[in-house]
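Labels for the chains are A, B, C and D, by order of writing; each one numbers its residues from 1.
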Amino acid sequence: MIDFSLPAELVELRDRVRSFIEEKIVPLESDPRQTPHGPTEEMRLEMVALARKAGLLSPHGPKQYGGLGLDHRGMAVVFEAAGWSTLGPLALNIQAPDEGNTNLLNVVATPEQKKKFLEPLVRGEIRTVFSMTEPDGGAGSDPSLMKTTARQVGQDWVIDGTKWLITGAPGADINIVMARSIDAAGRDVGATMFLVDMDAPGFRIVRMLDTIDSNSPGGHCVVEFKGVKVGPERILGEIGAGFRYAQVRLGPARLTHCMRWLGAAARAHAVAVDYAKRRQSFGQRIGDHQGVGFMLADNEIELNLCRLSIWHCAWLLDQHDRARDETSMAKVFCSEALGRVVDRSLQILGGLGITRDTVVERIYRDIRPFRIYDGPSEVHRHALARRIMNRN
Amino acid sequence: MIDFSLPAELVELRDRVRSFIEEKIVPLESDPRQTPHGPTEEMRLEMVALARKAGLLSPHGPKQYGGLGLDHRGMAVVFEAAGWSTLGPLALNIQAPDEGNTNLLNVVATPEQKKKFLEPLVRGEIRTVFSMTEPDGGAGSDPSLMKTTARQVGQDWVIDGTKWLITGAPGADINIVMARSIDAAGRDVGATMFLVDMDAPGFRIVRMLDTIDSNSPGGHCVVEFKGVKVGPERILGEIGAGFRYAQVRLGPARLTHCMRWLGAAARAHAVAVDYAKRRQSFGQRIGDHQGVGFMLADNEIELNLCRLSIWHCAWLLDQHDRARDETSMAKVFCSEALGRVVDRSLQILGGLGITRDTVVERIYRDIRPFRIYDGPSEVHRHALARRIMNRN
Amino acid sequence: MIDFSLPAELVELRDRVRSFIEEKIVPLESDPRQTPHGPTEEMRLEMVALARKAGLLSPHGPKQYGGLGLDHRGMAVVFEAAGWSTLGPLALNIQAPDEGNTNLLNVVATPEQKKKFLEPLVRGEIRTVFSMTEPDGGAGSDPSLMKTTARQVGQDWVIDGTKWLITGAPGADINIVMARSIDAAGRDVGATMFLVDMDAPGFRIVRMLDTIDSNSPGGHCVVEFKGVKVGPERILGEIGAGFRYAQVRLGPARLTHCMRWLGAAARAHAVAVDYAKRRQSFGQRIGDHQGVGFMLADNEIELNLCRLSIWHCAWLLDQHDRARDETSMAKVFCSEALGRVVDRSLQILGGLGITRDTVVERIYRDIRPFRIYDGPSEVHRHALARRIMNRN
Amino acid sequence: MIDFSLPAELVELRDRVRSFIEEKIVPLESDPRQTPHGPTEEMRLEMVALARKAGLLSPHGPKQYGGLGLDHRGMAVVFEAAGWSTLGPLALNIQAPDEGNTNLLNVVATPEQKKKFLEPLVRGEIRTVFSMTEPDGGAGSDPSLMKTTARQVGQDWVIDGTKWLITGAPGADINIVMARSIDAAGRDVGATMFLVDMDAPGFRIVRMLDTIDSNSPGGHCVVEFKGVKVGPERILGEIGAGFRYAQVRLGPARLTHCMRWLGAAARAHAVAVDYAKRRQSFGQRIGDHQGVGFMLADNEIELNLCRLSIWHCAWLLDQHDRARDETSMAKVFCSEALGRVVDRSLQILGGLGITRDTVVERIYRDIRPFRIYDGPSEVHRHALARRIMNRN
């Protein structure tokens, strides 16, 4: 029966995460080791160590590898709490693309691959990359345009192509690469995922991209594969199953973005509420003016709706429902509504809002890409509309 | 733990309501006995008889009086299904103000009052009125402005005043009237509720109001109390407790409006989807154009969010939480979002949408007051903002 | 050089129209001779007589036929003033479809046709019809789907088909009908306009449509042509030029809708401002609360923008620019923004807003079709996008 | 009479500005001498030299000092053209705060002050500062809270206080400072403006603020005045007239912001249109999908409306109308609508949009403060509402 209660253990875990974030991680937000391309690896490892010590590392990771083994509802609650700090997801080892890659490797990888990549990933020791999108004219919203190829040569595969807007490459340990695969007979056998070493001959980081966000260790970059050879032990899952795995990865990954950004937007709102109580104008606190007060009310209305839609999807995923429509709907609504929450929060802060004196300026920049990655709103609305039109 | 499943009995009940509405009630939507002030009493009683026969009457009513005794979550599911037809809530005896009055009488009335008014109300035999709002300058969004008075004379109370936008007076059996009460010593002892007969001397319907909606039997009118005398057995609850009871009534009543309108908006959306599949332009179905397709997607996104917010509030109410913030948030969002859903549905229908050839035109008119009654959006946002600003 | 001043004569004319509307026409708004299908012909003729006496009839009509011969900028100013009352455009003889038909006949008709139809039309003596849209599956937003045909038989043309949502047929004197024309050799020679008598054998009004608006004398209906024969003297313009003429008619007609609705929305806003000054809540005038005050501010912002966009288009049309993009943009923005203005005005009025006690309820219903007729917003955005994408 | 034509000289000037910006300034947008706190002074002077050579420097400056002496309508046209590049306003010497200070000095300064400060400012040789806003608890949206004081000591004035979010201090030549002035008798005689040297003893830049924009040479900072002494020759205008002068400055300054950002948003739109034509998905150009096409249409609708509202205000200012309501309305609408245009443009670019590979990412960040400075939207809506409520 419809129930919105949380079990006591989950409440206790959430509260521990909240305290950890507030006490250990928020103070690090002004740590100078943060660059436009995210915190340094040193800083990341320090935060991971703090989370490990607090028993909060990798809440999504399988228990056998040292994670907390939460289901999607548990993740919903904990990831939101972690998102309260822009550094929280990194500390808990639940930031994209590592978080989604954990899930993907857990479902698809061989025991050897798990041992080699998944285990240290869950332990927060390594970072990973997911290489799918391509520059202009290649695969973005429309994956059928993928140009990167992997040609079978003997039992090896040789990858050629350019990937674009690839997160976290510098400093990572392994790169999951999607490529259109051409078998030895020259047939296009569909997209396949490969595990490519960062120092594989023929691979290089072409350039770092300057981006509006500064949220990701290693930033975002353009990478190139020129005759990069991978052996059969580096095929992730089956040949030709790349897009299917991408869906395995993307559905939940889409939702975990919503969870983390919910926490971040709630933080921005809290900063705005605090300011609205302190700052006076025209004889009262600015939040007592309905102009500001209504923005605060709208923030809480939208934060609440985002949480409900996330919990709904998480429950569906926990029932082994793929929840395609529901995660699309949650992605569209959360990315747009949370963007509005952060925008209103910044607006309430006035001049203060446009400065880095509060964390809101950063959240404002960091959250903007959320309406674009994992499928821009337009692609999800298109998919939803098509499914509505094709229902009988 | 977070759970969105419905028990099998509830699913079965919902499906029976759906079939009943589709088969018995939707065909009556073109019944000519509907006036600008709602269906005739004859027509209403016919529909009630159909629901009674189907075992679906008064799903909210206490079981001992013949209702189905659903909790709020059960109501959420069943009321949505009933709202599919503009006549559905009337057929199931769950339309305002009767539905809220049932709840109020059940909580506050004396055994004698229950016998006399609640029992026939649950059986769908009588209609009731709730008289609170007053004309310009009196009580509306700000109840402190109430001008109607009840003066104690001996053990009786004498009511004087004018109430405005009072729903369903012609043809009703009893009128629950809020008045500022002045005791025998001339002291203002707060607002009190009285049960006033429709034929009480001194009471009259001043005039019927023409309104944008045509949803309510008896329409909306202005009523006058001139020296209307009521005995002590007609006091509803305690003297001076009127506003407290109004809250008892309004919290859940606010939410049941959301439930019913969710069903109505879902119907409008279904009409639009159907049309978007049939109608062609520029070489494809109009719903295949993203302009229309995105509107359909947005409809489903907002319908889904409304349902989640209703279920959340219903669960809270079932936990005996007053859910003041949550019902305010649900009221604001549902009234605005469902209004958008209906507006988009009408827009998709094009010229057809502005005609009464589909039910959408009527839903469009009928739903507009929802953003105003039970507290306009502005009043709820104000209350939410105040509570946010006053949290420690 | 950029100039927003009005010549003194135009200001004087505008002020006379304002006074006329306020003094003579607004009082008629409660005249009981108004039906759901508009005022009676008797009432219309009385208002026309008042306007004639005031020297304000047919401001758009050619001077030689008794009109005031205003250019588009003059119309912009005067039509807005007339729109202040829901009855104003009818009184001044500038309501659709007559106003657009005046323009069309003036440009396209033969001298004989002008004498017979245009002259009495400008004098306000007759009403006219424009029959273009067709039921489901026929011509609406996509005119290529037109199914009504006119087949050449000797020198006559025989019209067969059904038209839908046709305004003002009962009581009109002449019907301008668009039909796909098939010449004697059986060739489709394109759409043509014909002038069809209302009592032509084979023509009938199938049924009146109930619609959300109640603005048009004669209402909206479905009409049928069964072998309706018209002679060559009843061809309007050239064979096959129907769509070209429809554009001649629609460009300015689209803009005059904007002008009239601007006046109506300004009226709704004025009613709301007046109420916001009179009504108190929580210790101040409701308009002193920012919740309402900001709505008033947004109303004035959008009214002002609508006026500017109308004036811009009117100036372009006066320069003999077809202003396709600009009138599309004005149509989209005015229909949406003025709809918002009226919606806000109704919301400010609270419960009063949903009653017919003020004119706002009627304007709210009447303006809704404006987002649909003369091309729904989606069709204009589509056309704009296509032109943007095809610019070099 | 209403006229939207531009005189030939203005068209010619606009076209020269367009060519200059496109050919000389756009290529500098990737010049590495741009820091998070704007271009270096060296780079600025190079651009100014280019504009001087092209005869385009200081289009707003009085002719006698070497400016082009344009009226507000001329500025509207030329500033929009300059805004096409994020560097254009700097090149033409029409960027805030210098542009507004030029206007202020021209109206208020003494001949000696003009010679010393206005003349080199119009020649683009120096930069200036305007110090009004204060940190938390001081003057922002509500100027009555100003805490900085100037106390009269003999004929000198001694300034104490902290100003916050002050633009362009490092590298500037003169600072116009608002302070509450206390005369020798200890009376508060109202706010006064003073011309303070950047190297005046007691003045210091406390710290640079990191901000979301990177548009201003010298960035934004916190400055401190500790016993800064200024002589009577450094009073700007009259004692106590500071707020009046601030209005003199702000009205037009508010509008010139609109002009420049209109150009910038038009640029972002052009980048998006170009991309929408190049990029393919699902078998067509992305702009051929209505999802993107409608965004392009909305961009053009809003760009056009912004231009019209700016032109209207400029005309009013040219008639010596203060245009308080109109510039408030233009500020609110332009800051919000142009923000939407830029947001849509970024969204259309998808992943590319969040990178600095196009200029859109920068415009997106730079334009955000526009909804806040010169009065946030809430302050303007409040002022508009108050004037609406106080009209008779």
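FYI, a contact is a pair of C-beta atoms (placed from the backbone, for glycine too) under 8 Å apart; a residue touches a chain by one contact, two chains touch by 3 or more.
Treat the numbers as computed from the prediction; the structure is a model and nothing was measured.
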Comparison of A-B and B-D (more C-beta pairs in contact): A-B
Most remote chain, CA-based centroid, reference being chain B: D
Gap in Å, rounded to a whole number, between the CA centres of chain B and chain A: 43
Separation of chain A from chain D, taking each centre as the mean of its C-alpha atoms, in whole Å: 38
Geometric centre distance via CA averages, chain D-chain B, whole Å: 52
Chain B residues counted as touching two or more neighbouring chains: 289-292, 294, 378, 381-382
Touching residues on chain B, where the partner in the complex is chain D: 289-291, 294
Chain A residues touching chain B - in the complex, by the definition given at the top: 1-7, 10, 73, 76, 273, 276-277, 285, 287-288, 290, 292-294, 296-298, 300-301, 304-305, 308-309, 311-312, 314-316, 325-326, 329, 332-333, 378, 380-382, 384-386, 388-389
In the complex, chain A residues that touch chain D: 133, 136-137, 140-142, 145, 164-165, 209-213, 220, 278-282, 289, 291-292, 346-347, 350-357, 361, 364-365, 368-369, 371-373, 376-378, 381-382
